[in-house]
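Chain naming follows the written order as A, B, C, D, E and F, and within any one chain the residues start at number 1.
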Amino acid sequence: MYGKFLIFSGQSHRSLAEDICGHLGLRVGESKTIKFSNENLMVQIEENVREADVFVVQTAAPPLHQNIFELLIMLDALKSASAARVTAVIPYFPYVRSDKKDRPRISITARLMADLITAAGADRVLTMDLHAAQIQGFFRCPADQLQAINLMCDHLKRRDLTDAVLVASDAGEAKDVARYTNRLDLPMAIIDKRRDGDDEEPRAAHIIGDIKGRSCILVDDEIASGGTLLRATELLLERGAREVCGVATHAVLSGRALERIQSSPISEVIVTDTIPIPQEKRIDKLKVISVARMLADAIRSIHDGTSVSALFR
Amino acid sequence: MYGKFLIFSGQSHRSLAEDICGHLGLRVGESKTIKFSNENLMVQIEENVREADVFVVQTAAPPLHQNIFELLIMLDALKSASAARVTAVIPYFPYVRSDKKDRPRISITARLMADLITAAGADRVLTMDLHAAQIQGFFRCPADQLQAINLMCDHLKRRDLTDAVLVASDAGEAKDVARYTNRLDLPMAIIDKRRDGDDEEPRAAHIIGDIKGRSCILVDDEIASGGTLLRATELLLERGAREVCGVATHAVLSGRALERIQSSPISEVIVTDTIPIPQEKRIDKLKVISVARMLADAIRSIHDGTSVSALFR
Amino acid sequence: MYGKFLIFSGQSHRSLAEDICGHLGLRVGESKTIKFSNENLMVQIEENVREADVFVVQTAAPPLHQNIFELLIMLDALKSASAARVTAVIPYFPYVRSDKKDRPRISITARLMADLITAAGADRVLTMDLHAAQIQGFFRCPADQLQAINLMCDHLKRRDLTDAVLVASDAGEAKDVARYTNRLDLPMAIIDKRRDGDDEEPRAAHIIGDIKGRSCILVDDEIASGGTLLRATELLLERGAREVCGVATHAVLSGRALERIQSSPISEVIVTDTIPIPQEKRIDKLKVISVARMLADAIRSIHDGTSVSALFR
Amino acid sequence: MYGKFLIFSGQSHRSLAEDICGHLGLRVGESKTIKFSNENLMVQIEENVREADVFVVQTAAPPLHQNIFELLIMLDALKSASAARVTAVIPYFPYVRSDKKDRPRISITARLMADLITAAGADRVLTMDLHAAQIQGFFRCPADQLQAINLMCDHLKRRDLTDAVLVASDAGEAKDVARYTNRLDLPMAIIDKRRDGDDEEPRAAHIIGDIKGRSCILVDDEIASGGTLLRATELLLERGAREVCGVATHAVLSGRALERIQSSPISEVIVTDTIPIPQEKRIDKLKVISVARMLADAIRSIHDGTSVSALFR
Amino acid sequence: MYGKFLIFSGQSHRSLAEDICGHLGLRVGESKTIKFSNENLMVQIEENVREADVFVVQTAAPPLHQNIFELLIMLDALKSASAARVTAVIPYFPYVRSDKKDRPRISITARLMADLITAAGADRVLTMDLHAAQIQGFFRCPADQLQAINLMCDHLKRRDLTDAVLVASDAGEAKDVARYTNRLDLPMAIIDKRRDGDDEEPRAAHIIGDIKGRSCILVDDEIASGGTLLRATELLLERGAREVCGVATHAVLSGRALERIQSSPISEVIVTDTIPIPQEKRIDKLKVISVARMLADAIRSIHDGTSVSALFR
Amino acid sequence: MYGKFLIFSGQSHRSLAEDICGHLGLRVGESKTIKFSNENLMVQIEENVREADVFVVQTAAPPLHQNIFELLIMLDALKSASAARVTAVIPYFPYVRSDKKDRPRISITARLMADLITAAGADRVLTMDLHAAQIQGFFRCPADQLQAINLMCDHLKRRDLTDAVLVASDAGEAKDVARYTNRLDLPMAIIDKRRDGDDEEPRAAHIIGDIKGRSCILVDDEIASGGTLLRATELLLERGAREVCGVATHAVLSGRALERIQSSPISEVIVTDTIPIPQEKRIDKLKVISVARMLADAIRSIHDGTSVSALFR
C-alpha cells in the first residue's frame, strides 16, 4: 500500500522509539530539533519521506507542552513533505484525564488534543490505555488503542495471588479494575470516597468489599504525584490489609512521587515505560514493563494492513 | 442576540414539547410531517423561521430510526430556511451506549450520531444524562448536558432512607452511583459481574458491600428490557436485601419490560419522561418525574444567554 | 492500488449482494448486524479490512430508515477499522425524489442523504438511475451513476414495437422518455396534467401526441404505490390505446401496488431488482430484470481503475 | 440581527444594482475595481463593512470569467473585512447548464461554481430561474431562488391568448413549460428531437401536440445564440403555426443572436434584465421586463428576516 | 451585534491585559488557570460568557509552549461555553519567523499556529507587526494586524535626526526599513551579508549606503538574543558611524540579551511592551513604548464594528 | 504508489506541457476544451484517469481568468473522474503579487487562489518563484516551489561579470537580489524609492550602493508592463552605469512591454518560459531560458516519490 516504512522520534522518549525500531529491524529516522533562545523549535526531517508510511513516536512527558508542540510541528513538516501517511504514536496521550466537562466553562482538553493532532496532519493515531474508553471517539481519524492489561496480568500471575484482592481507589476506577478481576479471577474492593462540597477534595470514607488480611493490588491507569495511590495504601493497611502493591500503565511520577513511593509502606509498583523512566529513577520498588514490543507489533500490523486486534487476543 | 424564539417538535415526543412550551408560554411551532407509502418522510416547516432562534425537540423513542431521520430532516429544513440558530433538544440521545470500541471493527455510533446531527445543520445540542460524561466530547458544536440527579434525589429524600444503600448493577455503573451516594450521604454496594469468555454474557458473581436487611436503591442511566434491573433485584433479595427499588433517567422499557417489572419483586421504579410513557403504561410501580421544566429552563437560558450551569447548582 | 477486494452487504438486499459477488467470484464479506430490544443496531465487521478496497451494498428498501442507518453504521465501522477505500453501492438511492425545494421550508433530502453518507465515511458512491441527473452534483465524493436503459431496451426490443409509442406520465418525465424514444426510434406522447390549486393533486387533462390504436409503453424511474402508473394506463385505454405496459427501474411497490397491478388492465410491468422482490411477489405481469451483472461489472471496474463509462457504451 | 445594510455591485450589471438600490432607498456601496496590465483585478471596498449585512450583485455576463473572479474577490475582501454576512446576488447564475454529467469525465461546473462561491466567503446566495430546480441542492449555504414566471405571465396575459399554445423546444423543457400551461390554462406542445449518434446534434423530428393555426409561445429559461429558439420558430411556422413568440428569463444573446432575432419571423421575444441589455440592443422585437423590484423585495426580506416565499405567492 | 463585552487574560502578559482593560473601562474577566504536578493545565472561565463578545489576550512569551497551550485551552473553553465570538489578541505572534520553507522538510510553523488557533475555536485574531505582511494570509478567519511604526516614529521624531540614517541589518529587512525611511524622510543603508555555504551563518560583508559620521538607526521587527543587533552596531561603529540606536517592536530579549545590550556601545534600544518586560529588566538604554492604548482602540473598534484601519491613518 | 502517470494541459501554455512531456517520454493526455458562444467552457477529459497520478499544466497567461477557470474545471473533472491524485502544475501562479493586505478591505487574492484550487480538487501544487516565500504557507495541500535562480546564474556566469553589480529596483526586492549576490559573489545596489503620499506612485529617490561605471544586473521576479525595469534602467544609466541588463523569471510582458524593451537602452533581458512567448515576440534583446526540464524533473520526482529538493541542490 505504501512506500518506505519510516519511524521518527520526537525528543520526549527517544529510547522507546529506539526499542520499537529494534524490534522492527529499523533505525530511527533522521531528524533534528533545534531550540532557539526564544524557545522556538525548528524541526528538520533529514531524509526523504515522499510517499512513505511514517510513524512519529512522542509521549506526554515533560517538558509537556514543548513535547506536544514538537509533535505537532513534526506532523506538519512530514505532511507538507509529502509523506503518504503519518501515524502519531503516542503511548501516553496528553491531557487524557481532561475528558469531560465536570464543571462549567472548562475545556475537554483531550478532545482538543485530538483535534490539534489531526489539524497538524496526523492521518492516524496509535495510543495506549486511555483514561476512558470513550476517548477513542474523540478522534476524527482512525485511532488504535492498545492495552497493557495482558502485560500486567502476565506479571501479576507470577506472584502468589491466593488471597489477593484488586482494589479500585475510587468508584470511577471500578470499571477498569473489573477488567483485571475478570482476567485474574480475583475479588474486588472499592474505596468509597465522598466530597463535603463541590470544591472540596474527595476523602476516603470507607472500603467496600473485603480486604482484611489480604494482599491488595491497587489498579489505576496512571500514577502522577502518587498521592491517590499512597493514601489508598495507607488506608488499606490501616483497615487490615496484609500488603499493598500498585499497578498503573502510565508512570507520570511527577513532583516527589518517587521519594514518596520509596518511603511508603507500599511493597511494589508495577508500571510500563510509556513515559521515560531514566535508570536513576528505577528504584527497587518500581517494576517497569516495556511496551516496546507491543507497540512495534501494532506498528508493523498497521503498516502491513493486518489486524491489530488479532495481535492482542 | 436572535430574533424570534421558536420551538418545533418531531413526532417522537410531542407531549414533552408541549409541556416545555407550556412552561415557556410558547406554542409548539407549526410543522407537518408526512410519511409516504415508500416510508419517505416529508417535513414542512409551516412558519417563517428566518433569523429565528429555533429549538427542535426529538427523543430516541420508537420508531427509532424514523425519528432520528425526522430530526435530521427538520434540522436541514430549518437551516436551509435561514434559521439563525438551530438547537437540537434530544432528552434521550440515540445510541448513547454505543460510546466505545469494546470489540474490533464496530462503530462508535454515539459519535456518528453527533456527526450526523451537526452535518444536518444543528448549531448546538441540549441533551440529558449521557451514558458517559465523555460523550460530551463527541460534539463539534456546543452541547449542554442536563442531569436528572437533583430531581431524582428530591424524590428519594421523601422516602425513609435510614437503612438504604445505593447499588450499582455492575462496576461500570459505580461512578454514576457514587454521585448519588455523595448527594444522599448513603453507603454504596456493587454487583460484581464476571464473563466466562469474551462473547459470554456477564453473570453476577457476588455483591461487594453490605446490603443485608437494607433497602436497596439500584441506580442506572436507562432501563431498556429491564433484564439487568430485575436480575439485580432478584439477586439482592436472595442475598438478604429487605426491599429493592430502581432509579433510571431514561425509561426505554422495550419489549416486555413493563410486564416484567410489574410481576417482579421490585417495589418501585423511578424514571423521567425523557421518553414518552403513555398513560396506559404508567403502572403503579412506575413513578415518572417530568423533566419538562428543567428542559424549559435550560432552553430559556440558552435563548437568553444566561448561565445554564447556574440553573442547576 | 488497493489491497484486498471485499464486498459487504447490509440487510436490505442480501440476495443482490450475493448475485454481485457471484459474478465477481467473491463471497460476501463476514459481518453481523444485531438489533437490540431498544431498536439500536450493532454491526460488527467480522474480517480484517485494513487497507482493503471495500464495497457495501445497501438499497433503499423497507424498513427504510433502519436500512439507511445500518449503512451509515457500516461505513463508519469500516472507515474506523482502517479500510483504505469504502464505496457505498446503493442501487436505489434513498429519498431520491426529494431533490428540490418546490415548496418553502422543506429539506432537499437527497442532498442531505449524500452529505450523511460522506459524513459517515463513504469515499465514493455507486448508484443507479437517479430521479434527476443533477442529483449527481449533490455528492462531494466521486459518484458513479449507472443506467438501466440498455437492459430495458434490450428487453423491449424483443416485443413487437411496430405501432408502439412511449408515453410520459407527466411533462416532468418527458426528458427521461426522450432517451428511450431515441434509443428505440419510436414516437412519444405525454399526459398533460394540471393542478387546480397549489395544494391540489394534479389531474390528467389530456394526452399530447398520438396513442390511438397503439401499444403504449409508460416509462418512469420508479413505481411506488402504482397510482400514477395505473391511472395513466386507464386514461390511455379510455382514449383508445390498444394496450399498455410499464417500464421502471426501481420497483418500490409499496402498499397495495402489486394487487392493484394484478387487477388492472396493464399488460406487463418491466422493472429491475434494485429493490428486493421476493419470489411470492413476482406475479406474472411483473418482469424483473437483474442489475447484478451491471453492478458487478462497475464494481470490478472501480476496483481495477478501468473506465466505467466504457462498460456501458 | 445585523448592523448596516449595504449593497455592493461588481462590474457586470451595475445598472441593475442601481435599480435594486433605488427600490430600497439605498445607494450602491463604494468600491473600486482596478484591472492591471497583466489582467489582475484589485478590488477595494471603500467603506467600512464590519458587522454589516452585505449584498453583492453580480451576474453571469461577459467578460464572463473576469466577472466571476471579480465576484469571488469581492466576497473574499468583504469577508476578511469582517462583514457579518455576505449574500451573493447572482440573477443569472454562471454555468447553470453544466448541471449534470451527461458524458464521461466532465465537470458539473454549476456545482463547482457553488463550491467556489462558498469557498470565497458567501454566507448565502440569491439567484433566479436556475436551469433545473435540483441545482438549489448544490449549495452548502442557504440559497434562495426567485422565479420570473409571475412577471412573465402577467405580461403574456395582456396578449390575446385565445388560440395560444405553449411550446417546449425539446422534451427536457416540457417540465418548465408545464408550469406555464398550468398558470395560463393553455395547451402544450413539444418539439420531439432525435440524435442520430451520441455526438450528433439533435434534430427536430416532429411536433407532439396541436399547433396548427395557433399562436405559439416558446418557453425556455435562457436564450444564448438564439439558434434553438429560431430553428423552433421556423419549424412551427412551417408546420402551420399562425405566429410564434418566445419567452425566456435570461437574455444571454451571445454572438449574432440579436441580428438573427431581428431578421427571423419570430414576432416577439420576452426576456428579463438578469443580464444587461444596453439601450442599443433593445430592438423592437425584444420586450425586457425588469427583475429589479423582485430582487429588491427579496433582499429586503432576507435582511429583515421575513419570509421570501410569502413575497411571491 | 453581540452581548456582553469581555476581555480575558492568559498568564503570559497579565499587566498588558490590565492596561488594555484600563483604557476600555473594563475589568479583566474572571478565570483561573491551575497547573497540575504533571504540567497539565486546567483553565476555568469563572463568569458566564454565553452570547458574549470575548477577547483573550495572550502573547508569545516564556514559558512559550505552555502559554500557547493555555491560549488554545482558553479558546476551546470559551467556545464550548457558548461565547458568541472569540477574538485571540496576540500582540507578539508565536513562531512568526517560521513563515517559509527555506530548507527541505520543515514546517511553516506560523501557518500551523494559525491553523491551531482556529481549530481551537478563535473566530478572529488581532496581532501586531508580523514578520512578513504575507503571514496575514495564513489565517482562515478575519485577522487584524496593527503596526507599531506610528508609535515608533513619534518617538524617533523627538530626537535630532539631522544626520540620521536608517539601517537594515540585512537585505531581508530592507523592505521594512523602507517604510520608516518614507515616514521619516531619511536615507537608508543596508548591511550586505553573505553565506559561505548553505549551512553557514551569514557574515556581514560590507555596508551599502552612506553611514560615515552619521547617527544610525537599526530597524528590525524583533530583538531575540540581540546578536544581530549588536554585531550590526559594532560593524557600523567600526565603519565610522557616529552613534547607533535600535528600534524593534517585539522585545523577546532572550538569554543574555539585556546584559549584552547594556555593555554594548549601542546608545538606545526602543521597543514596545508586546512582550512583558518586568521593572527590573527596564534598563536605562531600553525605552519601552506601550501598545496598550493601540490594542484597546482596536478591540473597541472590533467590538463596535467601526473601521480599524481608520484608527491608524 | 499510483497507477498511470498522465500529464494534461490547459490552453494557456500547451507548448510548455509538450516540452515537459518530451523530457519525460510521455504524450500530453487527451482532453478537449470547448468555448460556447456564452463564453462557458466545457472540458472533457478524453482518456480514462481512474486511479491515475495526474498532472495538469496551466499558467497564469492571458486570457487570465478564462485560463484560471479552465484549470479549476479540469481539476474538478479529473477528481470526479476518480483520478487518484491530481497535481496542479502552475509555473506562474495567478495573482501572486496580491499576497498581503497593504490597504484596508482588499483581498489577499493569492491566498484565495490557493483556496479555490484546493476547493476544485487539487491534491498538490507545483509552482515556481512565488513573489514571496511566505506564499507557500497559503496552501492547505503540499506545494512544491521551484526556483529559476540556478538556471539564471548559469546563464549569467557565461557573461563577463568583472565589474558587475546586482541591483534591486526597490527595497522590497533586496531580499531576492541577495540570493543572487551570494550565488554570484557580486556586490549589490538598491534603488531607494519614496512615496509622497499614500496613494502616490513611488518615485526613485536615489541609489544606495556603487553602480558608477559598472555593468548593472536588475533582478526581479516578474516583468509585467516593463515600467519598473525600464525606469530603473534609465536611472542607472543616468547615474553612470556602464550597461544594464535585466533578469526575471516570469515574462508577463503585458501591454507594450516588448516594444518598450526593444526601444530602451537596456542591453538584454533574461527570462524563462513560465509564460508562453511566441516566436514573433522573441526579440533579440530577450533571452528565454526554458524551465521545461526543471519542471519535468520535479514532476517525475513527485510521481516517483524521490526528493524534489535533492534535485536542485
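Everything below uses one rule, namely that contacts are C-beta pairs under 8 Å (C-beta built on N, C-alpha and C of every residue); 3 or more make two chains touch, one makes a residue touch a chain.
Since the structure is predicted, the reported quantities are computational estimates derived from the model, not experimental observations.
A comparison of the A-C and A-B interfaces places the larger number of contacting C-beta pairs at A-B. A repeat of the D-E interface exists among B-E, D-F or E-F; more than half of the contact pairs are identical by residue number at B-E. Averaged C-alpha coordinates put the centre of subunit B at 50 Å from the centre of subunit D. Put simply, the C-alpha centre of subunit B and that of subunit F have 61 angstrom between them. Once the centre of each chain is set as its mean CA position, subunit B and subunit C turn out to be 38 Å apart. Across the assembly, subunit E contributes 80-81, 101, 103-105, 108, 307-308, 310 as residues in contact with two or more other chains. Per the contact rule defined earlier, chains pair up in contact as A-B, A-C, A-E, A-F, B-C, B-D, B-E, C-D, C-F, D-E, D-F, E-F.
For subunit A in complex with subunit E, the touching residues are 36-46, 49, 62-66, 68-69, 72-74, 76-78, 80-81, 94-95, 97-98, 101, 103-109, 112, 115-116, 119-120, 224-225, 252, 254-255, 257. Those residues of subunit C that touch subunit F in the shared complex are 1, 124, 142-143, 301-302, 305-308, 310. The touching residues of subunit C, counted against subunit D in their complex, run 99-105, 108, 110-111, 132-138, 145, 168, 170-172, 174-175, 177-178, 181-182, 185, 187-190, 192-195, 206, 208-209, 307-310. Against subunit B, the residues of subunit E that register as touching in their complex are 2-3, 48, 50-52, 79-82, 84.
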